[in-house]
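Let me begin by presenting the structure, written as structure tokens, before commenting on it.
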Amino acid sequence: MTLSAKGLSRDQIAWRLARDIPEGWFVNLGIGMPEKVANHLDGREVIFHSENGILGMGPTPPAGQEDPQLINAGKKPITALPGASFFDHAWSFGIVRGGHLDLCVLGAYQVAANGDIANWARSADDPLPAIGGAMDLAAGAKRIFVMMDHVEKSGAPRLLERCAYPLTGAGVVRRVYTSLAVVDVTPEGFVVREIVPGVSPGDLQAVTGARLAFAPDLGVLEAPAELAAPAPDAAAPGKAA
Amino acid sequence: MIDKRHEDARACLTDIRDGDTVMVSGFGDSGRPNWLMKALIDHGARNLTLISNNAGEGPVGAGALIMSGLIGKLICSFPRGAMVPAMMDLLNRGAFELEVIPQGTLAERIRAAGAGVSAFYTPTGYGTKHAEGKETREIDGRGHVLEYALKADHALVRAKQADRWGNLTYDKLGRSFGPLMCAAAAHTVAEVDEFVELGAISPEHVITPGIFVQKAVLTRPVPADAWKTEAAA
Amino acid sequence: MTLSAKGLSRDQIAWRLARDIPEGWFVNLGIGMPEKVANHLDGREVIFHSENGILGMGPTPPAGQEDPQLINAGKKPITALPGASFFDHAWSFGIVRGGHLDLCVLGAYQVAANGDIANWARSADDPLPAIGGAMDLAAGAKRIFVMMDHVEKSGAPRLLERCAYPLTGAGVVRRVYTSLAVVDVTPEGFVVREIVPGVSPGDLQAVTGARLAFAPDLGVLEAPAELAAPAPDAAAPGKAA
Amino acid sequence: MIDKRHEDARACLTDIRDGDTVMVSGFGDSGRPNWLMKALIDHGARNLTLISNNAGEGPVGAGALIMSGLIGKLICSFPRGAMVPAMMDLLNRGAFELEVIPQGTLAERIRAAGAGVSAFYTPTGYGTKHAEGKETREIDGRGHVLEYALKADHALVRAKQADRWGNLTYDKLGRSFGPLMCAAAAHTVAEVDEFVELGAISPEHVITPGIFVQKAVLTRPVPADAWKTEAAA
């Protein structure tokens, strides 16, 4: 069995990350993979922010009930829960930049051992750079958790000593949830907290582009089998717009 | 009697001259002043600097303005979507200049212009390519980038209600950049769902006070094919 | 008859100033003497701002109908007209500082020929300086008009080459309406536009602490006699709080 | 279930320690959190830095706090009113330190703290005594003063309605500094006229989103004689 076959599905990664979100947190979920986190809160009351100007974002509306003035940062239809509030873009990014969000979950191309994150461009020369809100989110939330496949489709590592792609934020990532492991970013670099079953520390180090330390109480990351996907998917990470 | 309500969108744009800076509200399709943006294309002023969060979702709104050839410079945070190939082609031909800014910094720069704050230090983008060539400063042990207020000659803004003083409300997430742009532009035109009597909007619920709005017109739908113009020269 | 007996009452000064306010202007009236301007608009629709967070401020309510949450910057009861709006202090001073007010009318201790205004303290050593909103108003409005008695009660001039009291704002005053004259502040200094009847240019210069130029079309400032007060009053100028 | 509504004002203030910075909302008597300010006096934490637009109108609110001897430093824009002689006496005895700031700069510094803007350039006060000793810069030909964000450990804020998420509305001119202070303090307690069910406040009409509010209590009147404390030591 290849490493990738042992890896978690996106729903399983989202499930694992959601376990670290307590009731009452204010959370911004980046576009794409991070949006799945909202499905795994087991009834805990968590308030979601979307940077286009809402707190209390609710789930996708039933087909036919979409409102063009109710969309999330990914431009997809949403609902507003009882208790929701709307505000202008200055306050919305004041919430982001002012450190009011307990958590922002971002997708990424690469994360470095110093906490740098690259998630907006694969080249510094992109003539149409898609910055969106990602730099603000990376700089502003109390905690940045990253969700991503552990490696590129090509097998190239995404956890690196230094990011090769242009940075979204410098030294901001707190924890990375990959398809193979839960990895903390510490002043001493990456520290692995949990690994999926069947993958050894040596296996993990072999597909990682930075030196890994392993927690003394290294855990096993066992996710519900019913959330497993038929095949892993390594498309581009989501980005705020 | 003060009355900022007007009938003809095109007539509200006569002051827009070649080379002016124009802000347009909205986030994606929400809060976008389609009727005024179509009128801006028809108005025909050239070499405009366009400030719009999004650009390129499709051949509508900012995408249509860019294809019209009237835009000399685009300032935005997210130039992505279905129009990317066409925009790349125009960029490669030097048909317009592009400046991409982090979204929160874009919002705050516009807000600063309206509020008379000339520049500010933000942590956003510090240590990234965005900060290259910019003045930076360490404050409380953290790196910051100096950013300047971003004002405009004109703002075209989508809102929900307007009264004759120009007081505005917005519709849900259509609010976004609208209130900031109204204050940041010397001349703001709002496109609204309805005109209401003075006093119909509670003073508690006015989002943009009329002091920031010069004119208001009723919105009308813009058919998809009405956005089409001759390809940019 | 003394100069002061020939001088305008505060209501007459307010009447004269009000003639220069066209319909549709957004105006902030400083606390005290400037508030009288609102009584002389002859039906023109002018929208008043108070810096504690209202546009569309209306007149004093009838006795018994005061609302403690509806006061002006001077802490006096007001009303909210149809079309009024409330906003927080950041937006309110954004309106001020951002140059959105067509006019701010301020009282002053002194105005200098370079447009400096002093209206918040008679001494730089005041241990309880009452700055309030005056510095913001002075720095922010499109036009600053000053209303004041031409001289101090002691007879000391208030129009000076340089202010002796601490400045509220530097180089900001556009026009001064005094009990004796209407005086523009120009790059070349004070230029008198109008003088009250019975006062000669020489008389005016004699009670002014800066060189006066006189407009070629120097006018006579004749105010309605019914607005004359029994005796002029030279109390401290109003200040925003 | 998230529920920020509390019964006991005093219990909401237990985290306030000697030496903390506390913001209080309001402009004059409007929007002043009397019930919480009285509870703060009873709580008794000392050497507080108090941030309040007004101070000294009378032996209530900030005036009463100053007379209580709990305030080590006062930051305000207008320290005037009936209490001036008593405040002068305390100042002369070195009982507290005073910093007076132009009102718009005070508001913008508080707003900046909440919005994550660490410093900004404003024209207000340039060329005056207020700018002495401060960094200045010419921008677009005009002098500006550099001002820093002003944050607090705690904010006590008067509002109208609160729901269990802490969303707030305000009452007319009682809004003033409230929304800014909620965002600028690490820990905000709101004193409100009424608790309402979640969803009772339209998302369009929420003025302070609950993310800026940690606790809410119902207001109660403070009798004039209840403000009295022993004279400051």
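Note that the chains are named A, B, C and D in the order they appear, and that numbering of residues resets to 1 at the start of each chain.
One rule holds for everything that comes next: a residue touches a chain if its C-beta (ideal position, glycine included) is under 8 Å from a C-beta of that chain, and two chains touch if they have at least 3 such contacts.
Note that the structure is a prediction, hence the values are computed from the model and not measured.
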Contacts shared by chain A with chain C include exactly B, D
Distance in whole angstrom between the CA centres of chain A and chain B is 30
Distance between the CA centroids of chain A and chain D (whole Å) is 37
Shared-interface residues of chain C (touching two or more other chains) are 54, 80, 86-87, 90, 93-94, 96-97, 140
Multi-chain touching residues of chain B, meaning two or more other chains, are 108, 115-117, 122-123, 170, 172, 203-204
Pairs of chains in contact here are A-B, A-D, B-C, B-D, C-D
Within their complex, chain D touches chain B through residues 108, 112, 115-123, 137, 139-140, 142, 144, 148, 169-170, 172, 203-205
Residue positions on chain A within touch of chain D in the complex are 23-24, 26, 45, 47, 49, 54-56, 80, 82-87, 90-91, 93-101, 140
Chain D partner, complex, touching residues on chain C are 50-54, 67-71, 75, 80, 86-90, 92-94, 96-97, 116, 124, 127-136, 139-140, 166-171, 240-241
Listed in rising order, chain D residues that touch chain C in their complex are 27-31, 53-54, 56-57, 77-80, 84, 87-88, 91-92, 98, 100-105, 107-108, 110-111, 122-130, 143, 170-180, 207
The answer for chain B against chain C in the complex is residues 1-2, 113-117, 163-165, 167, 183, 197-199, 201, 203-204, 206, 209-212
